[in-house]
Amino acid sequence: MKTAIVIGVGPEDGLGGQLCARFAKDHHVLVAGRTQEKLDAIVDSIKASGGSAEAVVADATNEAATQAMFDKAGDDLALAIYNAGNNTPGRIVDMEADYFEHSWRVCCFGGFLFGREAVRRMQGKGGTVLFTGASASLRGRANFGAFNSSKAALRTFAQAMAKEYAKDGVHVGHVVIDGPINGEKIKKGFPQYAEKLGDEGMISIDGIVDAYEYLYKQPRSAWSFEVDVRTHLENW
Amino acid sequence: MKTAIVIGVGPEDGLGGQLCARFAKDHHVLVAGRTQEKLDAIVDSIKASGGSAEAVVADATNEAATQAMFDKAGDDLALAIYNAGNNTPGRIVDMEADYFEHSWRVCCFGGFLFGREAVRRMQGKGGTVLFTGASASLRGRANFGAFNSSKAALRTFAQAMAKEYAKDGVHVGHVVIDGPINGEKIKKGFPQYAEKLGDEGMISIDGIVDAYEYLYKQPRSAWSFEVDVRTHLENW
Amino acid sequence: MKTAIVIGVGPEDGLGGQLCARFAKDHHVLVAGRTQEKLDAIVDSIKASGGSAEAVVADATNEAATQAMFDKAGDDLALAIYNAGNNTPGRIVDMEADYFEHSWRVCCFGGFLFGREAVRRMQGKGGTVLFTGASASLRGRANFGAFNSSKAALRTFAQAMAKEYAKDGVHVGHVVIDGPINGEKIKKGFPQYAEKLGDEGMISIDGIVDAYEYLYKQPRSAWSFEVDVRTHLENW
Amino acid sequence: MKTAIVIGVGPEDGLGGQLCARFAKDHHVLVAGRTQEKLDAIVDSIKASGGSAEAVVADATNEAATQAMFDKAGDDLALAIYNAGNNTPGRIVDMEADYFEHSWRVCCFGGFLFGREAVRRMQGKGGTVLFTGASASLRGRANFGAFNSSKAALRTFAQAMAKEYAKDGVHVGHVVIDGPINGEKIKKGFPQYAEKLGDEGMISIDGIVDAYEYLYKQPRSAWSFEVDVRTHLENW
């Protein structure tokens, strides 16, 4: 059985959790994130469904932890998904240097470490590396200076990587999530906002996971770099 | 059974032909193009496989023909694909006005007629409209002034349409084909070029058709506007 | 004295009129548009200031008229500005085919004829061709399907032309006007809207003309293709 | 007399040096960079021409140094230019984490510190902040993963900042330099490459400086965010 790594995993009813669940259907999944408890819940759930998974507590911005995680994945690694990184709103005049840097560390630097370790192992042999993007990846907008900058940094890095390693059999993709995700984060964190949006106004996690699976299953004679995803109610 | 229209259909081993074949698995397909004989071959082949299809000889740039085709599709229309339009290279100084206009008529004006008739029928009821794009749709390049202009016109029209009708349940998508397609057109028309590229250097039609099918099957809680497709050997 | 052509000229207090006035400082200007009376007013005004100009009544979408205009410009042609084209809002379902086509004819096809005639004469000898763009040139938006399509067609054509003729000494540029222009058209046509926007909310024509002059004066060792212009109050 | 800051200043015959020289015509200029000797040479040259300038040895990535520099600029600060950041080519598999991070620190993080300190002082009062970009800012490319990522991060940050502070009177601009600069860096560092390109194949520094001056002088009724600059021989 092939192995998949998903990093940036939080609650089971979140994008990371559902990416794990989906790929656990036919992969051994390394479920990676910062909180042991949350990872364990997902691993247990996968095992209960007859799948194979293990939890890897790892800080995505830590080089040694990233390398150890890839070493653990071993030779059967077929898919690596970088899903770490949170929105970091705020006005530039008020922004602490640490805040700006932290946004880059999680959204971009961790993605570089992850992407580099993946291509080091997949080069020649083949494999797929997918990154989670946002509409913020595409253009700057008032109040999103830090997040815009770090997500654009990740996307452009991913594009360079896609071009650099395609001939070596490594497929690099980027999923642009344009709008709020219908998952636990918004429902627990911003229940009123979630209610106002309604189910129709938030992107279905299952639909987003489809995009990752679609990219992953493409033959190398027809690879995509980017897929955008939004609800039919989104203003864009 | 739902109905699908595909316009811009030539040889069976071409993108239009294979789009018809794929969607004929679970749709009645209107196989539309300029040459009766070619359309008949595809319809026969679909019927031989137990599918349902009919040929519609139609000039995509003709308003009445486009309307008649949509009338023929009837109330069960679920999918409409605009695949007409050929590359029209040439230097601007040498370009006849008719040549420039013809490129726009086939690549863009026909797409407008097609898109308008589709949304007129799908609005409120739902449906999917997909357009064939190219890397030429995205930026201008020496020697492609006419094709660049008409494909960018189509893409930006499609994007406006996507935003205008999403709330009415119409999903509009655009597939960016980045490179030569591995089909009859190149193999018969430019055999030496095809040989030089090799199978690995031309995009698999099956892989391209997957992109259309992927877009078509998306739930409205997770729609994409654009998917790009290229081989792993493409320089981009 | 060098010659400049400006087509798409209406009232004196409009972009076309002010482009003529500015370049008349050191060029003989062909003031081209559809209405003799308006052109004459501008020519008279230029002459009253000691400049040199002549009116050319011409339909920008007519090939013979475009060629005659360039023939009239003669050998000293240094600058050619395509400023024709109006916004054409409307929903796609309601749009007549003629309306859609007319938008393309004025915004794009006329620009092709103009650009082709310009490069035919400037190739090797050098010269500058500038096109008026809009934020609509850059992306599709609900209610602007026709204008989006035809402006994107023009921009991508201009980009192809810029790349195709740079080595032959022809500088092609595109000015993206992002917002309402502070001129007669809005003040007379939509006085309430103009009042609501206020002078600060509309782009200064003088500032826009600066962009054309800046592009025109660039040495070939440092050419730009595109400049965007908006007020400090614009939401973008 | 108004004050201007230029950071990222090296040799006199470089972009930073020539930006200082140009704006010293009517500003007191803070000439900022890492090497006292180089800064002194430029300051001496400005003073010899009757201008006013002072050297500020500063690491652009250091928060305290950046703040001290802005404090030194005082209340008459009208223009702040961030010109720090070098190209950092290399394949991703071979890239040390420090190398990747350093690219971001110089190209993007320093730009954030600089931009934040500038808007903190200019907000309400007005002023202009300009950033040096590259074609690498716009898209990813094989062998430029680090530089692409950090320049895209800077550009998208600048765009967010432009939108966030325009209404407060702060004009933020970004100059996309597309190709090699005809200055001391390439002539001394890569003399054979410079010779192969020839003067016509490298962008004139004077022409680039014109772009900064053009942006700086724009009235707020007609601001640009971005100007691209290349030679007429550039392939793009």
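Per-chain residue numbering starts at 1, and chain names A, B, C and D are given in the order in which the chains are listed.
In the analysis below, contacts are C-beta pairs under 8 Å (C-beta built on N, C-alpha and C of every residue); 3 or more make two chains touch, one makes a residue touch a chain.
Note that the structure is predicted; figures quoted are calculated from it, not measured.
J.: Kindly list the shared contact partners of subunit A and subunit D, in label order.
T.: none
J.: Looking at C-D, A-B or B-C, which one is a repeat of the A-D interface (more than half the contact pairs shared)?
T.: Selected pair, repeating A-D: B-C.
J.: Starting from the Cα centroid of subunit D, hunt down the chain whose centroid lies farthest away.
T.: Relative to subunit D, the chain with the farthest C-alpha centre is B.
J.: Using mean CA coordinates as chain centres, what's the subunit A-subunit B distance in Å?
T.: The computed centroid separation for subunit A versus subunit B comes out at 32 Å.
J.: List the centre-to-centre spacing of subunit B and subunit D in whole Å, with centres computed as mean CA coordinates.
T.: Chain centroid spacing, subunit B to subunit D, equals 45 Å.
J.: Quick one: which residues in subunit D touch 2 or more of the other chains?
T.: 163
J.: Have a look at which chains touch which and call the overall pattern line, ring, star, complete or other.
T.: Per interface graph, the chains form a ring.
J.: Where do chains touch, given as pairs?
T.: Touch list across chains, by label: A-B, A-D, B-C, C-D.
J.: Can you list the residues on subunit D that touch subunit C in the complex?
T.: Touching subunit C: residues 163, 166-167, 169, 171, 182, 199-200, 202-204, 206-208, 210-211, 214, 218-236 of subunit D.
J.: Under the definition above, what is the set of subunit A residues touching subunit D in their complex?
T.: Going through subunit A, the ones touching subunit D are 63, 91-93, 95, 97, 100-101, 104, 108-109, 112-113, 115-116, 119-120, 123, 139-146, 148-165.
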